[in-house]
Amino acid sequence: MGAVELLQFALAGLKNGAIYALVALGFTLVYAATGAINFAQGEFYMLGGMLSVWAYAGLGLPLPLAGLVGVAMTALVGGVFELLAVRPRKDGDLLAIIIITVGGSMVLSSAARHLFGPLEKALPAFTSTGTVSIFGAVLEIQSLWILGLTTLAVVALWYLYNRTSLGRAMRACAVNRDAARLVGIDPRRIVTVSFMLAAALGALAGLAVTPLTQTAFDVGPSVGIKGFAAAILGGLGNPIAAVAGGIVLGMLESMSIAFISSTYKDAIALVVLLGVLFWRPQGIFGASRREKV
Amino acid sequence: MDDVSFDVHDGQIKAVIGPNGAGKSTLFNVMTAFDRPDAGSVLFDGDEVTGKRPHLIVRSGIARTFQNTQLFEDMTARENVMAGAHAVTKAGFFASALRLPWTVQEERDVAEEAARLLRLVGLGEWTNTPAADMPHGLRRLLEIARALAARPRVLLLDEPAAGLNMAETVALAEALYRIRDEGTTIVVVEHDMGLVMEVSDEIVVLDRGRKIAEGPPRLIQKDPVVIAAYLGEEEADEL
Amino acid sequence: MVKRPDIRLIAIVAIALVAVFALPMLTSERYLLRVFTFVGVNVIIITGMALLFGYAGQVSLGHAAFYGIGAYASAFAVLTLGWPWVAGVALALVLTAVGGLLLALPSLRLKGHYLAMATLGFGEIMKVVFVEARPVTGGPDGLSGIPYPTLGPLEFDTAGTAYWLVWGVAAVALLLAYNVVRSRAGRAMRALHGSELGATACGIDITGVKVRVFVISAALAGLAGALYAHVVGFVSPSTFSLHVSVLLVAMAVLGGTGSLAGPVIATVILTLIPYSDAVIPGLSRTALETIQEWQEDIYGLTIIAVMLFVPGGIGSLIRRIFPERGDAG
Amino acid sequence: MSRSIGARLARVFVSTCIVALTVPVFLVGCDGETGYGDGETVRIGAVLSLSGSLAGLGEPARRAIEVEVDRINADGGVNGRMVEVLYEDDASDEARSVAAASRLIDQEGVVAIIGGSGTGQSMAMRQEIEPGAVPQVALAGGSIVTDQFSPWVFQTPWPNRVVVPFTLENLQAAGIERLAIIAESGGYGKDGSDVTKDFVDEFGIEIVAEEQFNRGDTDMTPQLTKVRAEAPDAVLMWAAGAEAATILKNNAAIGGAAPLRFFGAPGNARLEFVEGAGDAAEGFMFAAGHILVPETYGVDTEAYEVATSFIDRYTERWGAGPDIFAGHAYDAIHIIVEAARRSPADFTPGDLRDEIEATSGLVSVGGTFTFSPTDHNGMTADDLTMYVIENGAWAPVEEVR
């Protein structure tokens, strides 16, 4: 196991980790706004790729514009889904919202199959299909786009959360919805915005990955689980933790391939994740909440 | 809270009072093993309580209520009280699954006992109402009835009068008398001075974690140290 | 006096029981019997999950894994080791109970989504085991040729007898669960769900109840697996995937809390949607093919519709119709 | 006390549930007679995965059958009796394929069943096929379908028992001795790597590395890095999904000037794969049937005629050419129809089974089928050709260097 190979494994882990991180950010956003886990987040990842392919191949738009259209439309789908299916649930009961998103993921993936057919679709790389070499290890330029977009998303989210009134309103809602309502924030609007942002983040991940892995109507669930695991590993509620969780999960998988075997990479990553959970029941960076007697 | 100790005698109503933040709730949680004390111990009838796991405390005869009621919202009043009898009943998973005759009998007895306790605290006609639908004042009485279902020798009440109106406080006082007359010792942590002075046989006063007075209501009412603690240093001088 | 259950409810349950057990005599069609046998298998799983979620309020996204452990254990025991079916079922029950214990104990400190993730992780790990442990599980293409269930001389080799076996077990499981729910143990579960602090104050050992109800629901899923494997004769990893676990939770949530009848009705409805042609007799080919084409959408929309228009779940509907009944059922 | 609307609504809902439960019980008792078609039509069942993860296999199969049934009926059907195909979507779920098979046999009285699309689905149906005594022609390529022999089950795709020796022979000819395998964790990957490991010794080839990945994985660079460390002469890939293209792109990226040489299998004969992999697929070789380039049959042969006319009809009807999965379905419907034409007028499914088993020298799209009581696949190495991908299209290769 030479240093170059180790770096190669690390780069692969970082690249996959960035994808999981973007999806995990989507989970964290919806969790912060509703306290629930959005099981349709995987479908937003799928739609990001599919709608961009439709805009690129179907409408003939140039790639950057097609990607923008794809992400924007997915965000719209996220908003409409929240308005039609989540908001009518007045009492905001956690489990009801979760199960509604389960129903939503089935409808979204089936709709994608009906609209775009069952076969996978491709997108050309954003810039070139070339690679860049870092101390001998190699990374596709498209992967740099993935890492770049993830960093951009994290910074944008951090800025939104800390520097904008919308961000403060979102954080207020996350802490205490009733208090937020008292100071004139409409929690329902915040939930809709959170779903749209989560959809956009998932779509961004889908768009960035499609040139490498293509996309199909059923790619949602497997990446959705990884994103959820990453959000839990990091600790729900905190965007930075979600990204860290994603990177750690990506590294875990890559290193378990390197040192143990590719057959059991998912199982090993999950065993470690369960170990972390049993040791710290609120994720690596999650704050522990002692129940006041 | 540091080295607070006092005794509670059989069949007595003992009150624990003190300004906010005096450590009443902490003391309360330590007595019921919901919290561990750094030092010292809680003895009940001679045996050690402090180390025990919270759910075992009620088996040794100490039952409690909570400052913010911890009722089982979608269970009816009767079912809440029947759940309170968990410690003094035996029907296990498999015995209940097979509906063995003795479990049916035990169920019948527990149901009757629950009805009696509900009447004891004045909630007779709320038997089949889910706890969530009951008015605030009555929910406190329900929690007391639930605690009684464990046939405790000592009943610990955490601010039972909080948020009650005059009529509800009177009803509470009458319930406490009936409970004590049935031989259950009561320790109540409370702010409502009217209630405390009315029902308690003896009062302990805490301030900033220390016991500053102990004795019958008449003495405590006039004790300058207590007044000072309550009204704060300056006002006390003007008196 | 213990509340007398409402007469009308007893009548409805009686009718349903007669209907369930009359079906094999009324029709010899394997398709209909097979579909309703699948419903029976799911009802056995949901009985356990109704206790776990509906009463004790614990969510598990890994119960398809227990369903799978039960199926593979009994299939391996009977097919490869040559044990009688009953021994296979016993092995299934033991393995799933132990599996449930091993998962429940470390998960006690976990709450909400973290507990869901732990069970989801367990399910995904088991999926890798089902795919990779080829000598036992037959690998990704599964195990086929699993013999029919036998009880001593009795051989359940026709669709009708297999149907009776499954629904017989389901009826017993439901009866036992009904008794538990209306007893001290049931109250302990509902108390724990209502308020853990309150339950502890009543002397209820929270961890003990959680572990016990988790193990029992895991064992019931294992029992359902042992029945499914031998009734269908073929098992493969995709039958026990996360998607199945998620649907089981959806059935439990649609069923509503504090009720057995709610989750059972939700299970019947959701299990029959993919086979809606069996339920609606006299469908034309084109109608049937369009239903199958839009099945996934119908399934998703049904889940969303019930969650929006029946907030408390189907259980709350039943309670609204038969309000006189004080306790749960 | 006045009932609130909610209670009345609730009463209606729950009672309809109970009724919905019991109605089928009483209603169904009456219909459901099982006759083998009502004399005029030959009813054939088709259990395909039209939704779910295998939808990419089911959809082309259905399209091929639809095109062929129209042609067969236009040519007078089976001795004057029209052919009717009843489609069932099992949504890639084994339990549903079992139920679909039992309904087609019991209620619809089909004389034969085409399907399932996947190996698991095909195996699951056996529980209904054998007691139902109805012949099944499976479209899945898993060796287990015909290795676990059943007199009632036939298979049209090229089995790995034929594909692997043919491929390894070409590898040996190209002087490859150190071979790595990268395979999908599903049935397709496991079956392919198992059969490969059985045959490599015969061809003097050594397996130097074996890596695995899951459907839905987004990057296989770690696996390829481990493979490169063993410096194999070539890599044999068993991947039928979108991951195949990803692996080639990862290989091109970390290979730089000298990416690893890749070989594949019939599962890679998909336009989406070639498109998705782009120029990373240059030089990628795989074995598949002649249908990809009908000229490989030989221009004046019957096979060429059969294949090109099917391709024209399929393209005209659906706007795009058929893939190998459409070819497997074409073979299945024709094997059954030819056998039915040879059977007596009021044949039973049992008679049809015997005739199918007697199929010999049937020139079809996947190759020339000859079944026997012990071989229910009937394909040989002659039905295969090596293809190489050059500037975005597959072309036949005479001799692999």
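A, B, C and D label the chains in the order they appear, each numbered from 1.
As a convention for this text, a contact is a pair of C-beta atoms (placed from the backbone, for glycine too) under 8 Å apart; a residue touches a chain by one contact, two chains touch by 3 or more.
Please read all numbers here as calculations on a predicted model, not as lab measurements.
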item	value
Contact-richer chain pair (by C-beta pairs counted) among A-D and C-D	C-D
Per Cα centroids, the chain farthest from chain A	B
Chain nearest the overall Cα centroid	C
Inter-chain centre distance, chain A versus chain D - centres from mean C-alpha coordinates, in Å	34
Centroid spacing, where centroids are CA-atom means, of chain A and chain C in whole angstrom	32
Length of the line joining the C-alpha centres of chain A and chain B, rounded to whole Å	49
Junction residues of chain C, two or more chains touched	132, 197, 296
Per-residue multi-chain contacts in chain B, two or more chains	34, 66
Multi-chain contact sites of chain A, meaning residues that touch two or more partners	110, 221, 263, 266, 293
Residues on chain A engaged by chain D in the complex (per definition of touch)	5, 8-9, 11-13, 15-16, 19, 110, 113, 117-122, 124, 129, 131, 133, 138-140, 209, 212-219, 221-223, 253-254, 257-258, 261-263, 266
Chain C to chain A touching residues, read off their complex	59, 106-107, 109-114, 116-118, 120-122, 124-125, 128-129, 132, 196-197, 242-243, 246, 249-250, 253-254, 294, 296-297, 299-304, 307-308, 311
Of chain D, residues touching chain A in the complex	51-53, 55-56, 58-59, 185, 211-219, 221-223, 225-226, 229, 241-243, 245-246, 249-250, 252-254, 256, 270, 272, 275-276, 278-280
Residues of chain B that touch chain C when the two form their complex	32, 34, 53-59, 63-66, 70-76, 78-79, 82-87, 89, 91-93, 96-99, 103, 106-108, 110-111, 128, 143, 146-147, 149-150
Residues of chain A that touch chain C when the two form their complex	31, 37, 39, 85, 88-91, 93-96, 98-100, 102-107, 109-111, 221, 225, 228-229, 232, 236, 263-264, 266-267, 270-271, 273-274, 277-278, 281-283, 291, 293
